[in-house]
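Some structures to go through are shown next.
Here chain A shows up in two complexes: once beside chain B, once beside chain C.
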Partner chain A sequence: MSPLMMVRRIGFYVVIAVLMAFFAVPMLWLASAPFDSKPGLGLRWPDWTLDNVKTTFEHPYALASLWNSLVICVVATAITATFAALAAYALSRVRIPGRDLMLYVLLLLSSVVTGTAAMVPIFVMMFQLGLINSQFGTALVIAGGMLPAAIFILKDFVDSVPRSYEESARVFGASPFQVLTHVVLPVARPGIATILVWAFVNAWGNFLLPFLLIREVGKQPGAVLLRTLQDEGGSANLTVIPVFSLLYSIPVVVLYVLVNKRYGFRFHGGIKS
Partner chain B sequence: MAGIDVQGLSTVYPNGVRAVDGLDLEIADGEFFALLGPSGCGKTTLLRTIAGLEQASSGAVVIGGEDVTGVDPGKRKVAMVFQDYALFPHMTVAENIGYPLRVRGESKARQREVAEETSGGLSLAGLLDRRPGQLSGGQQQRVALARAIAMDAGVLLLDEPLSNLDARLRLEARTFLKRLQRELGLTTVFVTHDQAEALALADRIAVMESGKIRQLGSPREVFQRPANTFVANFIGSTPMNLLDAVVREGFVEVAGTRLTLPSGISLADGTPVTAGIRPEYLNAGSGDGITGVVSTVENLGVSSLVTIECPGDALVGLTVPEQHEPEIGATLTATPEAGRLLVFDEAGLLLGAAKVAI
Partner chain C sequence: MGFVAPALLLIAVFLIFPALWTIYIGLTNYELTGPNAVAPQLVGIDNFVNALNDALFQNSLWLTALFVLGSAVIGQNILGFVLAWTLRKAKPGLRRTVESLVLLAWILPSTVVAYLWFAVLDRDGGTLNSLLGSEGTAWLVEYPMLSLIVFNTWRGTAFSMLLYSSALAAVPPSQLETARVVGASGWQTVRDIVFPHIRGHVLTNTLLISLWTANDFSPFLLTAGGPNHASETLPVFIYRQALEGGQLGYASAISLLLLLANLVVAAVYLWLLRRKS
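So, the complex of A and B:
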């Protein structure tokens, strides 16, 4: 190996190492800071203790907010997956003029509908509906925002399921409901699993909508509560935040591992001409 | 058991295509029937309309004496095997075969029992707990057949049953299918674009073109006496020679020679006709015949297809046995076997009796 190549290679690995460290540091912090007697923003070998965990569990809102997150997420994910599956199936199988255009427009608008641009109208609408401070109402809005993309991804997935499966079941005398439960849903299961995880993770990390629509601290999900974890002086409460962050990250990781083990991530989305 | 009666059936797609156009057809109980035609001729649509997967626009479908035109597919007592077999990938072979019983709400044990019974005769016995993805193409096809048989319907519909198999397996599957159909005695309708398949399997063939039946008859009739030039062209592994000809003094003047008009046909002098003769019915040799210069020789295995160029730029094909191939550039006379010359009128319809004596 020539010296020039050696230098090149060393340079390459240095750059990679710096990049990796950039991503690794927060992870290591998440693993060490919760168990450090004096957690700081820096990364260091912890002085092991479980006091932070105790403090966090005694925090009046911390665990409750994670439960709130879970409720909102499960509702939003269930609504998204159910409606997206039904809509995707219908859109895949029934010919409607302008169907593809409609899907693209929906997808385009979805980022606007729940994005910052619509904050005020959404707030006003939910206020008039009396759904402020309602976890269900918030879940509904989150689901509404996720549906177009979910339908888009699932429709593409259902498109790849041959019609002859359903026709075959029909010839054997299956009712439309039997066709759905015996054939279409099982065959589309990896796609639905993808949507479930995607929707859950999206809803779990959603800050803006619950922040906007849930004003009562006791009903706020973790993503919103995290922002208010500070002491009287207004500086970050570093005894609670590390443990809380760790707890907050667990469901997403568990979900990913479970689904990946069961189905593997066969991602079928994308655009077909 | 049930026969199928199709009366004045039309199936029109929403985009206005008349895939099946006012078609009448009667299929007897226990018959092995082929719908043959080029792609886009409406044969698959006709099959799907019989199955109830397509809505008839007009006309009626009667199965076993019962008008089922508006009836749901599942209530027609018709089993169907799809071109891609449509085996459910998430079910085992046994579950697939037992599926028609599951729909009817029969017990799991009964489903398994029927799956075991049915699969025995189809040499699938050791494969019941596999998934379709783990089977070969031929095995998948037999599973699809077993599932259709397990339905215990009077009518079996097959959409291109052999087209997804590779060439060698296709011949085996063909023999197998023919034996199976005879053993079960099911009224079986199958769709194919492969004329050899239709000739080999079917008791009767309907040759279709643009939504209409162009000829209906036994394989022998369709092969020996095609009712029109379309059928003549379509049937046969080597294309039939169709040559422009003129009637003169009781002879057919074709490619520079005169051939005897088939008996029972009398036409005025100067009538333009099309003379048709299969390459298999032309013999190389001396005597009365079409003379030309050999331009190509194609080896077909046990015989060779020789193309000769005749006066008037006509190309005539004939088969010669192996070891008897002529040299390219040699002059050759092709003599038709007695009674094998067909004459079509200007509209392309066969002249003389359409039936053959068997």
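So, the complex of A and C:
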């Protein structure tokens, strides 16, 4: 090996090591602080204990808020996946002029509006409908915001299902709904899985909408409770925060590991150049 | 067509209708409480005129531009490409490990991530201060925008990395090989061979991450716009005007300006993309 290659080699590993440290160091806190007898904001080798876990389980809202997260998340994900599958199928098979442009505009609009631009009207609308503090209402708003992107992603998968499959089903007298559920969806299963996971992770982590729309602490999901813990009683509740952060992250991490194992985290087409 | 109806209904109610309503509320003096909450009046373009003369709005606009430029256009874009480019030749195990870390930063819930960064940036005993030996530096107070930019780069690089890895896979290996044979440096290869192939991807990526960053609410979780408005990006500004200040009309007008700015960015992008092909 020539000296130049040696230098390149070393340079390569230095770059990788620095990048790894940059991404890993902030996360180490999630592994150490929950099990430290004196958890603080900062990294240190923990003085191992499980007391924090016990305190967290005894916290009046901690476990309930995880349940609330689950309820909101499951409703939002189910609605998004079902409606997106129906819409993606129809849009993939029907020729409407300007269809792609419309989808594109909706996608842009959703990435903007659900962020923050529509904060005021959404709040006012839900207030006047009496849906403040409603978990179902919040889930609907979240689903509405996720739908354009979900349709966009799913349409790509449905586009790739061969039409001859559907035609043969139709020859045997299948209704459009039967064609969708028995022919198209099974073939587009990876797409559905992608949408389910994507929607779940998004809804699970969503902070702004439940923060705006659910004001009653007993109904708030984990995202909002975690924020509340920051100044509950004047200062951050550092016994509960680390353990709760960990518990609240587990579903997302588990899903991620499963997807990564099964499909790998790659873009297959989808994003057009 | 019946299949599209449910999705269309939800999108219409929770996306298109609020977007249109923003326009209307932006033209009124609607407030959260008080007489204007009961009977808001149309005030025309007053809110927009006020916004343009509002030093806090100008400050916020500038900070948003800085945030997008620093953390998305430069930070995530470049780091994402560097990761994709460096990892392309790495051993599978190493590649998987690094990618998992980057992806984890992307998928963890934002409220959790906020605490992770409190622990990094905290004044007393924060990880960064321990590493640098700069005990007593309150990063989020003294350098709020810099902290937010580094934070958001960390948070969002995964998307660019994924997109660029798949884009790089489409660059013909024969051309890369030719470049290597004629002794082109890494930078020359990227500039003359890789970049022309992935130009479309760079544009798409930059557009998406810019829009996401401009509308991102996580600065609120880290600094809540403080200290003294020093990190108040537009989404945080809108939230504080609307729910803390109660100025719903004014906040809607700002939302509309943000929306328009987003559309302008998207239009410029589409134009650039058209020009390419």
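Operating definition for what follows: the second predicted complex is superposed on the first by the 234 of 273 C-alpha atoms of A that agree within 3 Å, B and C clash if a C-alpha of one lies under 4 Å from a C-alpha of the other, contacts with A are read in each partner's own complex, and residues count from 1 in each chain.
Following the convention adopted for this analysis, a contact is a pair of C-beta atoms (placed from the backbone, for glycine too) under 8 Å apart; a residue touches a chain by one contact, two chains touch by 3 or more.
Everything numeric in this text was worked out from a predicted model, so none of it was measured.
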Notebook entry, point to check: After the match on chain A, would you call chain B and chain C a fit or a clash?
Noted result: fit
Notebook entry, point to check: Who does A:Leu140 touch here: chain B (first), chain C (second), both, or neither?
Noted result: second
Next item on the list: Name the contact category of A:Ala33: first (chain B only), second (chain C only), both, or neither.
Entry: second
Next item on the list: Applying the touch criterion given at the start, work out whether A:Phe83 contacts chain B, chain C, both or neither, answering first, second, both or neither.
Entry: second
Notebook entry, point to check: In the superposed arrangement, does chain B or chain C reach more residues of chain A?
Noted result: C
Next item on the list: Tell me which partner A:Val183 touches in the superposition: chain B (first), chain C (second), both or neither.
Entry: first
Item checked: Inter-chain angle, chain B to chain C through the CA centre of chain A, in degrees rounded to a multiple of 10 -> 100
Next item on the list: Considering only touches as defined above, state whether A:Phe22 meets chain B (first), chain C (second), both or neither.
Entry: second
Notebook entry, point to check: Counting only touches as set out at the top, which of chain B and chain C does A:Phe172 meet: first, second, both, neither?
Noted result: first
Notebook entry, point to check: Where does A:Val120 make contact in the superposed view: on chain B (first), on chain C (second), on both, or on neither?
Noted result: second
Next item on the list: Minimum C-alpha distance between chain B and chain C after superposition, to be given in whole Å.
Entry: 17
Next item on the list: Could you give the residue numbers on chain A that contact chain B in one complex and chain C in the other?
Entry: none
Next item on the list: Give every residue of chain B touching chain A within the complex, in rising order.
Entry: 14, 51-53, 72-75, 78-80, 82-84, 86, 88-90, 99-100, 102-104, 147, 151
Notebook entry, point to check: Can you list the chain C residues touching chain A in their complex?
Noted result: 1-4, 6-8, 10-11, 13-19, 21-22, 25, 30, 79, 82-83, 86-87, 90, 94, 97-105, 107-120, 122, 124-127, 129-130, 154, 162-163, 165-167, 170, 198-201, 204, 208, 211-212, 215-218, 221, 234-235, 238-239, 242-243, 248, 251-252, 255-256, 258-259, 262-263, 266
Check: Which of the residues in chain A end up touching chain B in this complex?
Finding: 95, 162, 164-165, 167-175, 178, 182-183, 186-187, 189
Next item on the list: Can you check the complex and tell me which residues of chain A touch chain C?
Entry: 12, 15-16, 19-20, 22-30, 33, 40-44, 79, 82-84, 86-87, 89-91, 94, 106, 108-125, 140-141, 143-145, 147-148, 151, 176, 180, 201, 204-205, 207-208, 212, 222-224, 226-227, 241-242, 245, 248-249, 252-253, 256, 260, 265-268, 271-273
